[in-house]
Each structure stands twice: as structure tokens, then as C-alpha cells.
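When the chains are written out, they are named A, B, C and D in that same order, and each has its own residue count from 1.
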Amino acid sequence: MAEITGLREAVAGLVGDGDTVALEGFTHLIPFAAAHEIVRQGKRDLTLVRMTPDLVYDQMIGMGAAKKLVFSWGGNPGVGSLHRFRDAVERGWPLPLEIEEHSHAGMANRYVAGASNLPFAVLRGYVGTDLPKVTPTIEPIACPFTGEELTAVPALNPDVAVIHAQQADRKGNVLLWGITGIQKEAALSAKRVIVTVEEVVDAFEEHTFGIVLPSVAVDAVCAVPQGAYPSYAHGYYARSNAFYEAWDPIGRDREKFRGWMERHVLGVEDFSEHLRSIRQEGAMG
Amino acid sequence: MAEITGLREAVAGLVGDGDTVALEGFTHLIPFAAAHEIVRQGKRDLTLVRMTPDLVYDQMIGMGAAKKLVFSWGGNPGVGSLHRFRDAVERGWPLPLEIEEHSHAGMANRYVAGASNLPFAVLRGYVGTDLPKVTPTIEPIACPFTGEELTAVPALNPDVAVIHAQQADRKGNVLLWGITGIQKEAALSAKRVIVTVEEVVDAFEEHTFGIVLPSVAVDAVCAVPQGAYPSYAHGYYARSNAFYEAWDPIGRDREKFRGWMERHVLGVEDFSEHLRSIRQEGAMG
Amino acid sequence: MTEGEGRGYTADEMMTVAASRRLGDGTVCFVGIGIPSQAANLARLTHAPGCVLIYESGTIGAKPEVLPLSIGDGELAEHADSVVSVPEIFNYWLQAGRVDVGFLGAAQIDRFGNLNTTVVGSYEEPKVRLPGAGGAPEIAASAKEVFVVLRQSRRAFVEKLAFVTSVGHAEGGDSREGLGYTGGGPSVVITDLGILEPDPETRELTLVALHPGSTVEEAREATGWDLKVAENLGTTEPPGEGELRVLRDLKERTAAARKEKVG
Amino acid sequence: MTEGEGRGYTADEMMTVAASRRLGDGTVCFVGIGIPSQAANLARLTHAPGCVLIYESGTIGAKPEVLPLSIGDGELAEHADSVVSVPEIFNYWLQAGRVDVGFLGAAQIDRFGNLNTTVVGSYEEPKVRLPGAGGAPEIAASAKEVFVVLRQSRRAFVEKLAFVTSVGHAEGGDSREGLGYTGGGPSVVITDLGILEPDPETRELTLVALHPGSTVEEAREATGWDLKVAENLGTTEPPGEGELRVLRDLKERTAAARKEKVG
């Protein structure tokens, strides 16, 4: 059963150095607040898992929290490169970053296998590409009925999954709607689950493409309004495309990046202060 | 893209003798109207696929429409046996019925594989049971990463899937809510898809556990109010538990059964007449 | 059905109450229709309000007002915490090891708690064709523990199953472990006569308690193998007034709700 | 970017319009961000109103008012026919063969339409680390046909890819068929200079049409291999007034919508 608690306590209690951690959210509902808290608490040697590393892992990688990244698409969507990710891969700054890369379909099915307590998943893919040459977690598998050869990928079972959702109720059931991406599978594949939410409510309303992650599948629920900013929370606030665009020159420069993170993440108490801090400075200055 | 059409035309055009046909609906939204239309049109030699044959297949089997049944649980839920199913298996009446039986988890995963265009699915099950001795579509499979041995079952790809839903819009998008069971996977695993609906509406409302099957995945949408009776349509009418209980003595007796089917299914034009007909007779008399 | 003559409750009520008592509060319970559903809901309405009831139709945290006749009545979705697809309930919940207790009935059981719900007689020419596997094999495989509930008789408690539909403790001893299942198998069998538990070593079902009024002889008579009896044979606490009231209310509400006219 | 000097439209506009024209009405199209998304939405707003646009975030039948910056903008879910999970969109839709056209860009392409979006230089010590595979390999594998859109240059049209991220026609001829994919591979490559299609036999990309104002020499100059040119080389119809107006309106609406202040 989920405990409704503070984000600081949740991260302190549930995320350990060296853990494999998946912060998920497919463009929508990316758990930035939780990522900042992990950075502020100085967690180290993490294996970060995420289909689309996005700015959230650019920040964590740039701050040296990760030793390894498991991913399928590492860019700033619609803008360009993730410069901190590239700097780590191309030049080992601030630390060398081991990478394990898959396709989206591969990653999605790895989470499905993890959520299903199966050691592997099967899909049509990878054959004829160079991915199997550089990624050891891809193997051929034959259908026992038809003999046809397909591709197997191993399950993902992170130590901790972190997602952001719109709402939780007071029992800790979690409601997401809009684009729900891979969040359900990421949460169900993990040993421990932290969910940040826009708000805790008495009862849920109806939302056709809504899913409810039951309380019993969650460890900690933390109310963090706007906790997915600069990504978005359908029904609450839009994606700050401007932030994504403004990130490019910040992420591009090591000093600018460190300065920004020190001012707006390390130098603040929590995510509400972070939001005040970047707003004060104006236009991502 | 779905065509909005009559059930008679849809069944005539999309269901052929000898086809593999899956009518799905897990207790909820069982497509009785479509089953009756298939019986009325005298379709023969069908391989019927369904997790829970229920009364709907008891009627089809008893009328000699099926040569084979692929299933996982064949009972009258909460009441007892499916007597027509038992008569066919135990005594070959009216025709011998070949059976291929799995567990629920096996059937569900077979549909998932079918919907995913994979030749097989993997699960933890069957080991140590007698099912693999009598069901050839169960094979061991080893994980290429851990060596662990699991069980594989082949995909289901019916020629036709038939489901009932609450609503379609005028473009043929289909909305189901409440218990949605295996309907999505059954529909997406099939070559052709018929959906009967309670009503065609201009726009859908919000329903948290709702799913929308897009028009492009459907061939025919047919408005058949109460088309799931005596099962239920969440938000429209409740399950007629009394019908399920009253079916027991009818299904138990070959003559009573034939008479009932002749009066209420073969002898009527369509499902609305069927409903009038059983209501006239009162209490399933 | 044996009546609890003069004791003010039936043997089925005793069985249901005894089963419900085993469900701890907060337990995630995968529930079948019939006595399991009665017992699980009785537990939820008495000592275990935090029980999370899962039905294989995909309802998680179901809180039915009346007992469902089928595994997928609308009643189950109405107040559930979540409703998911059938593949999800089996893959993401049961197989994933999220179910603490799986509740099963059966037509036949053997001394190691293996279950038959498929066929009596030979498979090819069955004497009685039963409904088949349903969700039982994977509940037996993956639930952390399994509670079996069925009336004790020589027809049901047999030396050799006509068909192994769901695996209990396999051939006994540690033979289940070799099958690669993650669940623990049956931890208790509750009948109308008493309670059986697997021996910690041999895994053979052993009578550990009798319900009030039942005797060891009766239990032996109703068992198709040489039934082991525990040295410290207990006696089940009879159903309490509260338990009986809640159970009977539940069944009355259910009967009333079903009295709708056909057609 | 080459300007369509004096012609009243840019080379990118020509490329986008040419790509949009290939999308037949009613096509189920798996769309990537950037030019593919522009072209698909232009088609939807002009000659192909019945196009079903799928974005890998799980939106089916998306009808964005403005162009999304990312693959999962709220705009996409707002008016979609259905929204499903990421595993579903890849397994039940793409892998299932429900996608008629997959729209891909790339950093590098070779003569058989194989694509690189992973790395320039060596994998271990990359010169440029690109975003990686994303949904591209399985779009290339399973869409019935693939449209590739990218600007033509020697940096992009290379003799040998630094990394094969997504398979086109493999080594040419019938070599793709041996890989067991169900999709047909690239049927057209649309650039800022013209249009290339695979030769029916060898599967080598062949220049079949030039955009107005482009020359064969320019195209050869911008290609890292000895570019084959069709005997009956066509000329693309320039963007019509209607096409240009709709495309520019769409981009203006998009720019206006993005002018929200940060923070």
C-alpha cells in the first residue's frame, strides 16, 4: 500500500546509491521534481533507465549521478541534441557513461516482460541492424511451433521506478490520463515505486484514456504540484516548449550548465523553490 | 475503416463456413445477437474460439455450427454445466466436437501474440499439469539470457472476431467501458472484425476504464440494442442472472433445447424479435 | 450438505467462515466464484477491511455490495480501484507475484493438494466433462499461497486425480520446487468437516483441525486415501454471531438482487 | 537550406509538399517529428482528410491544430480517436502490420535506403553521438512502406553508413526478404533536390524526379555514391498556392502557439 509522504523522505528511503532507477513518462508527465531531489541528495553510481532520456537525464548525467544509461532515443525532442549526454558519451565528462541502447519497441517490451515477471520478451526487430553488435542484450529466438526466428530482449526490473501522475486519492491509488506511454509497465516492473502527483483528491473523475495504478502497486505518493515541469500534465499545464528550446544553449556549455544547476536545483530546498527561482531569473536567463 | 451496416449483411459478408471465429466478451458484453445471426444463417464447420464458452457457445454447439472448440473454461458461470457442450464432448451430439483446451492465462496470451503479429507467447504455467499431454499447442521454451525454462503457446489469429460494445461513433470508432476483458486483443488478432453496439452516437463521453477501438481496426459496426442480452452492457442493462439460471433445464434436454432455439432464434427475423419472443413466453418458459 | 444440526449454522457456513478467517487484513486475494467469493467478501466486511480482492475479469480492489454470480458481473467493476484487461490481470498481477492468496475450489483433490477441474473418467471418453482450467493453473502456480475450499467426500478427495489441472505440491516433498513456479502452493484446505494443512516435510495434506461436531472417523470416511491426522488436532472456533449475521445479510442481499424477472 | 529563389517557395517547402502528396487518403501513417509531421498534417489538411496519423506516443488518429514539438505533446491526445500505451502502439499497431506508411528522417542514408541515426565515427569513440534508434528500426521493419525525407548532401547520402540503425533494402536485390520482416521497406526518398525510388530489381535508390530548378549535376554532387538516374527523369509539380497557404498557416499557428513565455 502506498504511503502518502514527502518527496524528500521518499527519495531518501527508497533510492540508494548504485540502484537501477527508471524515471519514465513519454514526453508527458516526466518526473522532473523527483529527478532534482535525487540530484540534491547526491545519489551516485545510478544505472538510469528511460526510453527517452530527455532533459531530465541530461541534467542527472551532467551532475554525475549516473554510471550507466539504458535508453532508446537520447535527444531534446524537436530541438536537437542532449549536450550533457553527448559530452558524457563523447568525452567522458563529468564521468564516463556506459550505455546500453535499444529501440523503442525493444525497451517497451523489456518493461512489459519485467512487469510480467518473465525473463525476456519477443519482438520483430533488430535483425540486419548494427544494434546487436554493440548491445549484448539482444538474442535470436526461434518459435517452437513455426521455427521462425525472432528477437529476444531481457526483462527490465529496475530497483526503483519513478513516475509523475495527475492525481492520487487518499488511499494512494494513482490516476493518469492523456498520453500514458510506458508508465504503467515501468512502475509494475520495478521493486519499489515512487509517484509524484499534481494533487491528492478525495475521488477521481472520469477520463476515457485514464488508467489507475492501484495503491498496492505503489510505495510512496508525493504531492508535488507542477512536478513534471517543463514537460506537461494533461489537464493541468502545457509543455513549456520554450524551456526545451532555451535549454539548448545552457546544456551546451559545461559552466553555464553547472551554474544553472547550482542556482536552480542544488541551491533550492524543493521543487516549488526551483520554479520560483527559474521564474525570478526570467526566460531561463 | 468500419462500415456501419446491418448485422445480417455483416455476418453474411464476413463469416464463412469453416472459418475460425472468436466471439469474445468476458462475462460482460457477450455478443449473443451476432451468435444468433450466425446460427440463423446456418454457418457450418466453424472453429469456435473463446475463453469462456458460456451460453453463447452452448447454443451454437447445440445447433451443430461448430466442429472444434478452443477454450479455457466451459461452464454456466455460477450455475453449473454447459449441457450442450457436455453432450457434444461426452456423446458427440449433434456432432462430435474436437476440443483444444488451455488455461485462461494461456488463451489471453495467445490473443496478445496474435494481436502483436508474433507466432507465439511465453508464460509461466502448464508445467506439471496434464494439459500438455492432451493439448498439442503447448511447448517448453528456454530464455536465451538466463536459460530458465518457460512455456510457449501459439498465437491465435481468428478469421473473424465478433465483439459487442456500448457505443460507436459515426466514423465507426468503438467505445467499451467497464470490464473490457480480452475484447481488444481478440479484435486486433483477427483478420476481420464485426462489432455490435448498443447505439451509434455523435460523440463519446468520458469513462475512466474506457477503451476505444479505432474505426480502422474494425470492418463492420452494427447497432443491435440489447445485443449482449442475457449478459450485460455496463451503463445500459444488468446481467440477467435469472436467464443464466433458467437456461440450465433448457440446455439439459435435447428436445427442449431444439424447441427453444427453433422458436426463439431460427423462427425470428432478428434479435429484437428474439427478445420480444422470449419475453412473450415469459420466464424462459 | 451436512447440517450443523442444532448448532444454528450449516456446515457450508462453517466452511465459509473458517476460510474467511484465514485471510489477513491487507491481503491481496485472487478470488474465484462461489464459496471463495463468499469467504473473501465476508473477510472484507469483518476483520479484513483492507483486503484487496482481485477477480480474473480484471477488477482490482473490488467491493461488491452483493455476491457476483459470475466472475465478471458489473457489480465488480462498479466500485473497484482499477479495472484492467484480462492479459494484464494474469501477466502484470498474478504472474508478477502480486497476489498473496489465491482461492480455489475443485472437483477433485489428491493428498498433495493437486487439483482436477477438467474431467472425470478418461480425457477422450469422459464420464463427466467439467468446465476445465480457467484461471486455476496459474493461480496455483503464482499466488504466494493457495487456499483450497471444497466439501470433503470420497468422490472429491481421491487417491489419484483423473486429470491434473492445477499443481499443488506435485509429488510431495520438494518436488514442486523443481517446476520453476514462484508461488508457494496450497497452504490450507478448508472443508465442511475440518481443516487440512500440508506436512512441512512430506507436503502431504494432514487434518489439523475439526469443525465442531465432526469426527476423525467422518473425515477418514470422506477421504479416498489413508488420511494423516495431526497429533495436536484442534477444534475450529464455531462461527461467531457477527460472522453469521454479516454472511447471511450478504447472501440475503444477493438473493434479493437476483429476484429480477427473466426477459 | 537551398532557397527556391524567385520561385516563391523554399526547397524545404518543396520537399514537404512533395512528401505530403505521396500520402493517399485513408492511409494509416506512422509519423515522426519534423518534416514528416509537417508533411503528414499538410496531407490531412488538403487532399487526404481521411489519413489516420499515428504518433509513437500512442495517439491514433491524431488531428493536431498546431505542429507538435515533441512526439507526445498534449495536442496529439486532445483530438485523437484513441490513445493507447507505448507497448500497444508498437506491438498491436506497428508490428501487427496496421501501418501503411512509416515516415522517417535520418542523419545518413546509403544507396539501399538503410538509415543511420545512432552515431557518426566509431561507436566506441564517436565523433557525433546522435539520438539513437527510437521507433525507427521497427517502423522500417514493419510499416508496409517507408517514406524517407531528408536533405540531400554528401554528409547524409553516404557510400557506407557509420552505423545501420534501421534496415532499408539491406544489401539490395531480395536481401531484405531474408530478414523476415513483414514491411516492404523504403518506397521513396524525398529530398530538397528531387525524388529517389528503389530500382525494382537491384533496389538501389534511383533519381526519378527533380524539383523545379534542381539539376542532375546538383543531385550527383550531393550524393556520396555514383547516383543512378532514371531514363525518364520527371520534374516535380511545384507547390500549389493552396498547398503553400495551408502549410504556411500551419507553421504560423504553430509559431504563435509556441510564443508562450518560459517559466
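By our rule, contacts are C-beta pairs under 8 Å (C-beta built on N, C-alpha and C of every residue); 3 or more make two chains touch, one makes a residue touch a chain.
For clarity, every value in this text was computed on a predicted model and none was experimentally measured.
Chains that touch both subunit B and subunit C are the following: A.
Chain pairs A-D and A-C differ in how many C-beta pairs they share in contact, with the greater number at A-D.
Among the remaining chains, the Cα-based centre furthest from that of subunit D is the centre of C. Look at where the CA atoms of subunit A average out and do the same for subunit D: the two points lie 28 Å apart. Centre-to-centre separation of subunit A and subunit B, using mean CA positions: 40 Å.
For the pair subunit C and subunit D, the distance between C-alpha centroids works out to 57 Å. Among the residues of subunit B, those touching two or more other chains are numbered 117-118, 123-124, 148, 150, 184-185, 209, 212. Annotation for subunit C: residues touching 2 or more other chains are 82, 91, 95, 142, 182. Residues 33-34, 56-59, 68-74, 76-77, 82-83, 85-87, 90-91, 94-95, 118, 123, 125-138, 141-142, 163-167, 170, 176, 179-182, 258-263 of subunit C are the ones touching subunit B in the complex. Residues of subunit B that touch subunit D in their complex: 1, 115-118, 171, 173, 184-185, 188, 211-217.
Interface residues of subunit A, counted against subunit D in their complex, comprise 26-28, 51-52, 71-75, 77-79, 81-82, 85-86, 89-90, 101-105, 108-109, 111-112, 123-131, 134, 148-150, 178-182, 184-185, 209, 230, 232, 234, 238-244, 246, 275, 278-279, 281-284.
Those residues of subunit A that touch subunit B in the complex are listed here as 117-120, 122-124, 137, 139-141, 143-146, 148, 150, 152, 154, 175, 204-210, 212.
Of all residues in subunit C, only 26, 28, 50, 52, 60-61, 81-82, 91-92, 95-98, 142, 182 touch subunit A in the complex they form.
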